[in-house]
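Two complexes, one shared chain (chain A), two partners (chain B, chain C).
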Partner chain A sequence: MSDAAASAVRHRAFSPARIFAITTNTLTELTRQKVFNVILIFGLLLIGSSLFMARFSFQQEFQILKDVSLGVMSILSSLLAIVATARLIPQDIEDRTIYTILAKPVPRFEYLLGKLFGVLLLLAISIALMSALFVAVLYLREQAVLNETLRQVSRPPGEQLDAALNAVRVAGLKIDILAGIAVIFFKACLLAALTLFVSTFATTNIFAIIVMVSVYFIGHLQATAREYWLEQQSAGWIAHVFLAIVALIFPDLQAFNLVDEVVAGVAIPLALFAKTALLGLFYIAIYTLAATFVFYGKEL
Partner chain B sequence: MLLAFGVMKLPAERALSLQHRSRSPGQFADIVNLDLHEKIGQLGFVAALSGFRAMLADFLFIKAHVAWERTEWGRVLFLFRQVTTLQPHVPLFWDMAAWHMAWNASAAAMNDQSQPRLALRVKAQREYFALGKDFLERGIENNPDKPQLYEALARLYREKFNDHVRASEFFGKAAALPGAPSYDKRFSAYELSYCEGREPEAYERLRALYDEGEKERLPTLIRRLKFLEGKLNFPPEQRIPDKER
Partner chain C sequence: MTDTAVTVEGLTKVFPVPFHRQSITAVHDLNLRVEPGEVYGLLGPNGSGKSTTLKIILGLISPTRGRTQIFGRDSSLVESREAVGFLPENPYFYKFLTGEETLRFFGKLCRLNGARLKSRVHELLKLVGLTNARHQRLGTYSKGMLQRIGLAQALINEPKLVVLDEPTAGVDPAGSRDIRNLIVDLKRRGITVLLSSHLLTQVQEICDRVGILARGVLVREGRLQELVAIENWSELVLENASEALLKEIEKLAANSNAKLIERRRSTTTLERLFLDATTDRSNK
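The block that comes next holds the complex of A and B.
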């Protein structure tokens, strides 16, 4: 058997190693673009809001700290997912890197998967860092308030002290927040997969970003459009068709807004969390499949 | 392909959405209704529907705080109505809204130097009490499992309406919920001891607490027990020992 034939035999149709190589390369590339600056923005926002909130009671302070931190985390991760993914394919085409990669025996879906996993890894690292920062600030504030309470109620009836400490703990850090953060991650992954799909037919990254920002807003209204469509509340057939298109094409991003409930102290049942995660994975799979389908038909 | 995917995803999305709505009744309807649209304006409405509801509510809450510092009571009321419409499942916002109305705004109305007529000042004060009560009742409707709001309503009945029956009832409701402070049960019994005609029931409840041991034998509890024993003409042998007085 010749070397060429042996090499062809060794070449596998699907190789996790090749995907891993593209993933690490994508992550390195994105890191060099200083995308982690979002963490800096997040940190500054946290510190800034902590200073500003000195005038509030601890319940108000914790409520705002959680709302703002998780809200900013959601916005930054969504933006990061869109901006980081939108530039991947157009940039590779512009730099002609894509031709070097695809000239090798790398199937196009592996290339796409590698790129997507690179962004997902970046999102995971970013969200983990932001979460660590948020949890640390909240924990430190909670401890400070607990110590202050203990100091102020110096000779308390045990019951009063227990009630005061319990009030601080109820308002402070809870494990449920992690479920909310996980859902933020799923939402960002979904947006990354959808951006990848858009960027397979977009000619510039600006176009992909504009489309995705529109999708972001429409996605949050999709549930409303869907309900109106299914409940036959639309006026005419034009509105009916329009609502149907919105409901069928766009993802329901409102389903991923569990954070508000978590901050309000409403526990997320495991079943609901699992269903939301499954829906997220389903979206990611379908959009990646659609991206692969379009990318295979793309003339490069 | 996308349309086929849309048809596939629809049942899952709908089921999830229904589950969300069943857990947070009223929230979906509130968020898309025209009332909210009118209250928070076009930009706020879009922001609320775009996943920034909590941050928008916080922003309005901070504005309400500033309005309170400036004693702009009409604005405080307006902003708290927006905040509680946006975030009906945060008890803190209902509690704060009620506190501002029933305690702060009502006191300001009573001390309003620009209104020389006492009757009108009292009327304004009562209107603020009613606004506070309304916030708490709607808060309880949206958060029936949060003892904090029942407790706040009980305090409002006790301190502003002088209605000990309702105060006792709401302290009792708070005490029955998980996570309620242990004093709610005792407060419920205290309030009942002030109600004409309910003395035997109040005594029974206070005595049960007394019998739980030293931890419950607080000065107010003993004082109320002694008062009721006198009022109900208990024979000396049935009364609690004097050393507890």
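The block that comes next holds the complex of A and C.
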């Protein structure tokens, strides 16, 4: 046996190190393509909306700030998940990079997992940065309003001051915002997993993006359509089966929309949060499995 | 253990054409064996089934019929690629990575890490002459440099078999010469090389055996010297031979049963002329 063969690393059917190598490479790829610029867009929108809101009362200001920030964060992270994931596999095939990777002892599911984790890491970093920016702006505005309230009510009865300060705090930064942001992250992860699945059979990234934009809209509308349909007396078992299939292909994205509750200052129940998180995990697992199934049969 | 490096038995690959009844047979009942330590050239025109055969050997596509093995292990198994390095035709790699990062990435895929990965990367950058360009992104590399970094990544896991798809296609004569020298170096180190090419004169110097594919069928196979030799012809190349000596040799030939077919001044190849001219200029 040659020295080379003697020193070769023994093969392992599953290797977190290989997945990690693909994950970090995917993150480097996306970072160097300047996808983080979306955060710049977020920052500009945030600053722009803050300037616009100076004329409102603090309750209105905080509400609009939360509404705009969380809404923009949700749209940008969904867009980032779709656009960043859609190009990964078709581009690797077009550039033949996939041949060099899969000609190494790398199982196809590890390649897919590495790519997916790379995007999820990108989404986590992007959402964390956007959240930090949003929380910082909200916190600073809340402090400014608290100081303003203290100054305006110069000689207050204690209770009146407490009530005024409490009103500011209730309208301001609350822990439920983090739960709302976590759900935005779950939705983006789900969309990334579904895009990965679509890109295993899409020949171009444009096709994958078009499919995913359609899925995005249908996913947001399907819950309303389903409720309307089921209210009809004619809705029989065929309609139920059909709706179940639609719900699997087009995820119920409305279930991941807890922004309205957060904006309204309504506490998100733990059970609802856990249910949404589990639903997200279920969808991600199903789409990743489907992607693996299709990718194993793919002729490269 | 002396397993055959590559075994291809009864290999057929049929590609269905979407929305049509007919299909395309890319490879038809192909049988070949590559022995350990040899340089085997799979030759043929474009579309003759060379790349398809290599992809099946590497498990990138599945055969319609037949089987392929690498060192006795079925190609469809991931572990068969443990001792294999592959350089595809005109590879692009990740343009956003530098030469060194590229090799580190492929090394990690082969579960190399730490000091071992570092020394292997430096060793390979030196071998392919890219040490000075190691911090440059691949987007700025020339075609020849890309081919060389491609060869380096193929060697990262110290493979026993290296598969090269059109390794010199689209590379200038100097780059092509570098790659051929590297292949000769691999052979010297006991590494088996399986390459495909349609640039016949380039592979003629380096292949021990060749197989010629035409429309997916292996039409010729054997040792290169035997295949290209003209059985009853001989060549005599002389230096500083006088006119008298040449006439004497011609007379001797005429007196025997031999027939002088051609007498000409030896010439260099256009490639050597090009290399000499461009190397001289760059050295001035």
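Note that in this section the second predicted complex is superposed on the first by the 268 of 300 C-alpha atoms of A that agree within 3 Å, B and C clash if a C-alpha of one lies under 4 Å from a C-alpha of the other, contacts with A are read in each partner's own complex, and residues count from 1 in each chain.
One rule holds for everything that comes next: a contact is a pair of C-beta atoms (placed from the backbone, for glycine too) under 8 Å apart; a residue touches a chain by one contact, two chains touch by 3 or more.
For clarity, every value in this text was computed on a predicted model and none was experimentally measured.
Q: Will chain C clash with chain B on chain A after the two structures are superposed, or do they fit?
A: Taken together on chain A, chain C would fit alongside chain B, as the superposition shows.
Q: Would you check which partner chain A:G71 touches, where first means chain B only, second means chain C only, and both and neither mean what they say?
A: first
Q: May I ask you to name which of chain B and chain C touches more residues of chain A?
A: B
Q: Pick one for A:V170: touches chain B only (first), chain C only (second), both, or neither.
A: First partner only, chain B.
Q: Given the touch rule stated above, what does A:T100 touch, chain B (first), chain C (second), both, or neither?
A: second
Q: Once the structures are superposed on A, label A:E29 by its partner contacts, choosing first (chain B), second (chain C), both or neither.
A: second
Q: With chain A as the corner point, what is the angle to chain B and chain C based on their C-alpha centres after superposing, as a multiple of 10 degrees?
A: 170
Q: Quick check for you: in the superposed arrangement, does A:S15 touch first (chain B), second (chain C), both or neither?
A: Once the two structures are laid over each other on A, A:S15 reaches chain C alone.
Q: Determine, under the contact definition given at the top, whether A:S214 touches first (chain B), second (chain C), both, or neither.
A: Neither chain B nor chain C is touched by A:S214.
Q: Once the two structures sit on chain A together, report how near the CA atoms of chain B get to those of chain C, whole Å.
A: Minimum over all C-alpha pairs: 23 Å.
Q: What is the shared patch of chain A, the residues that chain B and chain C both contact?
A: Shared contact residues on chain A: none.
Q: Once bound in the complex, which stretches of chain C touch chain A?
A: Touch list, chain C to chain A: 1, 55, 58-62, 78-79, 81-94, 96-97, 101, 105-106, 108-113, 150, 153-154, 157-160, 163, 189-191.
Q: Enumerate the contact residues on chain B facing chain A in the complex.
A: Residues 1-3, 5-7, 9-10, 12-17, 19-20, 23-24, 32, 46, 49-55, 57-58, 61-62, 65, 87, 89-92, 96, 146, 179, 181-183, 215, 218.
Q: Over in the complex, which chain A residues touch chain C? Could you list them?
A: 1-2, 4-5, 7-13, 15, 17-18, 20-22, 25, 28-29, 32-33, 95-97, 99-107, 299-300
Q: Please give the residue numbers of chain A that touch chain B in the complex, ascending.
A: Contact set of chain A toward chain B: 55-56, 59-60, 63-64, 67-68, 70-72, 74-75, 157-160, 162-163, 166, 170, 216-217, 220-221, 223-224, 226-227, 230, 247-249, 251-255, 257, 259-261, 263-266, 272, 275-276, 278-279, 282-283, 286, 290, 293.
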